[in-house]
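In what comes next, chain A is part of two complexes: it sits with chain B in the first one and with chain C in the second one.
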Partner chain A sequence: MSDSSDEEISQQKWVFYKDRPDWKDVEPIPQDDGEEPVVTIAYSKEFTDVYDYFRGILKTQEKSERALQLTKDAANLNPANYTVWQYRRDIIKALKKDLREELEYIRQTIRKHSKNYQVWHHRKVLVEWLNDGSEELEFTKSILETDDKNYHAWQHRQWAMKTFKLYEGELDYVDSLLQTDIRNNSAWNQRYFVVNNTTGFTDVVLSNEIDYTLNKINIAKENESAWNYLRGLLLHDKEGLSKNQKVVKFCEDLYNSGNRSAFLLALLVDMCDEEITQGSGDVLLARQKGIDLCKELASNYDTIRCKYWEYMANTLEKKGTGTDEACTSSTAN
Partner chain B sequence: MPVNLILKPKLHKKYLYRCLQCIPSHFASYDTTRLVLAFFAISGLDLLKDLNNLKKQQKIIDWIYSLQVVDDKELVSGFQGSTTLNTIENRNQTAPYKWCHIAGTYTALWDDLSRVNKEAIARSLKVLQLPNGVFCASLKVLQLPNGVFCASKDGSESDMRFIYCAACISYIIDDWSGVNIEKATDYILKSLTYEFGFAQAPQLEAHGGSTYCAIASLALMGKLSALTETQRKHIIRWLLNRQKDGFQGRPNKPVDTCYSFWVGAALKILDVFDFVDFDQNKTYVLSTQDNLYGGLSKWVDTTSDPLHTYMGLSGLSLMKYDELEEIHFRRNTIDLSIRF
Partner chain C sequence: MATPIKDVVLDENRPKTLLAEKHADFIIKLFHSEDNYEFAITDYLRMSGMYWGLTALDLLHKRDKLLRVDLFDFIKSCQDPESGGISASLNHDPHLLHTLSAVQILCMYDKIDILDIEGVVKYVASLQQPDGSFSGDKWGEIDTRFSFCAVATLSLLKRMDSIDVDKAVKFIETCKNFDGGFGSRPLSESHAGLIYCCLGFLSITNRLDIVDRDTLAWWLCERQLPSGGLNGRPEKLPDVCYSWWVLSSLKLLGRLHWISSTDLENFIMACQDGETGGISDRPGDVADPYHTLFGLAALSLLGYSNIKMVNPTYCMPQEVIDRLGLKPQVLA
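Let's turn to the complex of A and B:
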């Protein structure tokens, strides 16, 4: 929820619209909230005044400079009012207003209300009208400086990048964010987004990305974001999860060094699971190893999910022994 | 469990009744979504088994119907989120910019629906769906001279939340003619990320809220089978990993009361909710209660609000609480229609 801007308005020696000589010709229209309203908001006097006049101009469809100013006051009092923004855009179009000026106004507004959907949507429409996304990377970066996981900012940034092909330099930016906070999951997602939309996960890129990620895991071994990214990379390995020698060796070494990160153990379980499913290598050994790992997770390293890991241990136990459905039917065939 | 970690139903009832009556002026940014607040309060009171005591039931329903718009010319039928644009003059009439909002329509539909114009809603819903399958919240449709309808592009943002609203509306009015299920399913599957959570839109970051919206929408559309076994398995892992004590919405983010519902309900739909550590989840949610004024908040020792109060109670209800009704976890409310 954004703070109401009543205080700001009063600081600027607020004059009610009803007391403004240049608004004498407009009929203010009160809100009809019915006989027995619910969830009534104790509107401030300023709020009621501004919205009475907003309803007034909406009725006459006045599209003028003063109406434009009124929408600014109305948006200031409630930036989540999508009709105010819609009407503001309709006025801007009708008066052929300078869109750059509007872009600057919405820049300031988003800075104040960076988690509000409507203000970001307004900016997106303006950028579409201008057909120019050249300011969007810098702008979203400035928002991400105060909140580097702001979903709206990332959404807007990705949209601008896709629309205006602005991928250059983005991997460096992502890297700088990860250097600041290696656990920034939004930055990891952005890394995936950039690779996916530029080079794609070719063998070379995949190998480099794996190196990058293993390096980051070495710095923070309990960092789920990096482990998830690693799994994401392995989706592009045609051989599957358990055949990438670099990753397998890394995981085994880490385990043998005594590390028991729940994310490491979970990946090792999935590797065993895959080996059993594919019937490659020593299935019995993989099964036993998988079951042991699940038990370790359940009893020591991921106890909050103990019921899940016990279930996984059971699943592995049944797998490949002819007691699960898939195997029963394949035997029957 | 310490004494202060016991559910305080009486306090929460009081809090929700207060919300239903009047909220202070600093809630001004909720002005366009008062109906959603009413939904949180009413559904919360229902969870607290107190609906029969809501003395003003009929009046609440009448107020909600005052938000209904039937406009087959601009195809903006449904419910507005609030009375902000209502005037005596345009009462029960169409008027410029008096458009429905998809979240308003979703949260309005909880009585016997006898006064709801379902056909008009389905017709208007249809135009909110964009070619890629996602839904907008609200927009006016322009009819071109050749008779073709064209949705005005600058109407509103579009994302997974509104697919969920569209699915709920269609499920409740029992009319799916407003939704292209194949396209919506396609959009949802495209929003599944490398982490195996769903994002608000393709390629964005996986998020607990959008994952609930995606999975609940698939369930309502009868399309859960569109997920492969492997996808399902990984989605379950991602969801379960969100539990720290309570639940977080994304990896490496703080836990927040509302995700006990969003993530919990997604797990429930996938039939694996029992893997959750109930004790830790309960302890977290209960620790966000305001023990003086009632209500729940996202974090410990912060101000309670209607959304987190309702989501907290819903999250507890998933774990079958004696003091609480069992929640209808797909539609995000229990089925109230039988009570009116």
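Let's turn to the complex of A and C:
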């Protein structure tokens, strides 16, 4: 398939560098700086051979075709070795290698080692050198197809989008990811990233985003990511957390229908909290409602976090009675 | 529509008490193995690896078992005379991650003077960018991890005056997300490991005031799963190293008690390897020094009596931080 060139290499019979006539002039440098192995990784003779010669060329600063090939073998054996990648870039620059070819090579390498910092960084440097981010969206998409929360891929994608202004179509892409996995927190975060960096959260956008999110919550009501996104949206509502009528009605209807999602109850608690703080509406009623919700959460719906809910009940209890200053310190253990 | 939560199930026959002796043996064996090949292939992360192993041993009250003079010679030889930075091992380029690890080790052994301290300070300062952020090395990768490494290193050396702290804080502030968490860069997804880095950074710079304390603490609490373990992001599996990052973050926010410590303790105990010693990311996986350190450090924060008290900001023994006279901010 697409990674065929590397498979070919591994299928060919491996010849140690020490047995290669064209490497006779290089002095291999064995590792000899102590005896404390720190982390166990399966060892191979091939590994020692390659790295002895890598240290050899590093010492003489040889920048040649064969040295380039050697860094490829070294990187294959251990893609996390940051020195190998740095030296490889030195060689690429010195030999003025075709950067497109290198981009293709790193594409294959990232596919195999997609959680490694160094390979992604190598790609970023190449894209910067080429000053062309046109392949990055397709590329990161292909990585996200196998792991839709890969932090490196998302980070690289955001970097490329920001650097080369590639926001078009991104919300559709995010939507397609959320249709596959509605709980994909990375996709929800990306939604925020795009809106924030393009239209911003204007009243119209905010209203649309709230509709979108409430729809998603209707599909999966225990979805932490969607509830968090909703809270993020409400940060942009000038009225605050508890005054958006669409959200308030949605939450009340959901509660009255018998739903007891911990995230729903948590938002209702925070709405009560805000009403008490602002002194708007019936403060006493809001306080009692909030405290009751906290008790429900602590004893039934989110028992593993009962300490948090006890703290919130305590906070609400003290609020509006003139002792709110005291409540933060009294519960710390 | 109920979707099963991504989590693990703890086995009935799991270890339930701390296997302290076995963990110490596990680490010592790694350091003393005669197998040079294993040693050779891990050179790219050796300095950090040594920090994990030595700190784990120290927390177990077993530091003296590994007092070796060649350790200090080795660290000294990893300092690049030109840039002043410290590399993972010989034949590698200096990097901020390993610079911090080296400084942490030397502070623990009270041997910091063997380094060219001015060189280290110059190196760290040289990595600060115009926007206040830090790159990890001369190749310029930016990440909030490196902001933490920079201020942790400089504060241990008492040289915070060598960087623009206000600008550094401003950069961290731009990485704060709508859910209260922090990511690697502005608007990157919140991630428990990076939250620890940012809170550790703010603890050292005494600026925890910029955090949305209870919003973030609640997000962190949400990381606890029914197994008791903590994950690093929503819908991810629990992992011992994330348990430490979430727990230390909660400690810095003064909200450690919001999660169930009994459940977390059970989870970490279950990740111990009863035969070889050491702790792994999840029950049944292969143990390594990295997860061994973070498992022990988490148990220390939970108040486990046979383990030395760990400092939540530096992940070093509290007695070392006290000896240095450092008082990183912790919210009450």
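Before moving on, here are some points about what is shown:
Everything below uses one rule, namely that the second predicted complex is superposed on the first by the 305 of 333 C-alpha atoms of A that agree within 3 Å, B and C clash if a C-alpha of one lies under 4 Å from a C-alpha of the other, contacts with A are read in each partner's own complex, and residues count from 1 in each chain.
Assume contacts are C-beta pairs under 8 Å (C-beta built on N, C-alpha and C of every residue); 3 or more make two chains touch, one makes a residue touch a chain.
All values derive from a computational prediction rather than experimental measurement.
Under the clash rule set out above, the superposition-derived model of chain A with chain B and chain C contains a clash between the two partners. In the superposed model, A:Val204 lies in contact with neither chain B nor chain C.
Of the two partner chains placed around the shared chain by superposition, chain C is the only one that A:Thr48 touches, whereas chain B remains out of contact.
In the superposed model, A:Ile219 makes contact with chain C only, not with chain B.
When the two complexes are overlaid on their common chain A, residue A:Gln61 makes contact with chain B while staying clear of chain C. Applying the stated contact rule after C-alpha superposition, one finds that A:Gly232 touches each of chain B and chain C. Shared interface residues of chain A, touching chain B in one complex and chain C in the other, are 29-31, 33-41, 43, 47, 51, 55, 58, 78, 80-83, 86, 89, 117, 121, 124-125, 149, 151, 154-155, 158, 183-186, 189, 192-193, 196-197, 224-225, 228-229, 231-232, 235, 266, 304-305, 307-308, 311.
Chain B makes touch with chain A in their complex at residues 19-35, 37-38, 41, 56, 59-60, 62-63, 66, 83-91, 95-97, 99, 101, 137-138, 153-157, 193-195, 200-201, 203-207, 237-238, 240-241, 243-245, 250-253, 272, 274-275, 277, 280, 305. The touching residues of chain A, when paired with chain B in their complex, are 1-4, 6, 29-44, 47, 51, 55, 58-59, 61, 77-83, 86-87, 89, 116-118, 120-121, 124-125, 128, 149, 151, 154-155, 158, 183-186, 189, 192-193, 196-197, 223-225, 228-229, 231-232, 235, 266, 304-308, 311. Note for the complex: chain C touches chain A at residues 1-3, 30-46, 49-50, 52-53, 70-71, 74, 77, 87-93, 95, 137, 139, 141, 177-179, 183-185, 187-191, 217-219, 221-222, 224, 226, 233-236, 254-260, 263, 288-290, 332. Those residues of chain A lying in contact with chain C across their complex are 29-31, 33-41, 43, 47-48, 51, 55, 58, 78, 80-83, 86, 89, 117, 121, 124-125, 149, 151, 154-155, 158-159, 183-186, 189-190, 192-193, 196-197, 219-222, 224-225, 228-229, 231-232, 235, 266, 304-305, 307-308, 311, 329, 332-333.
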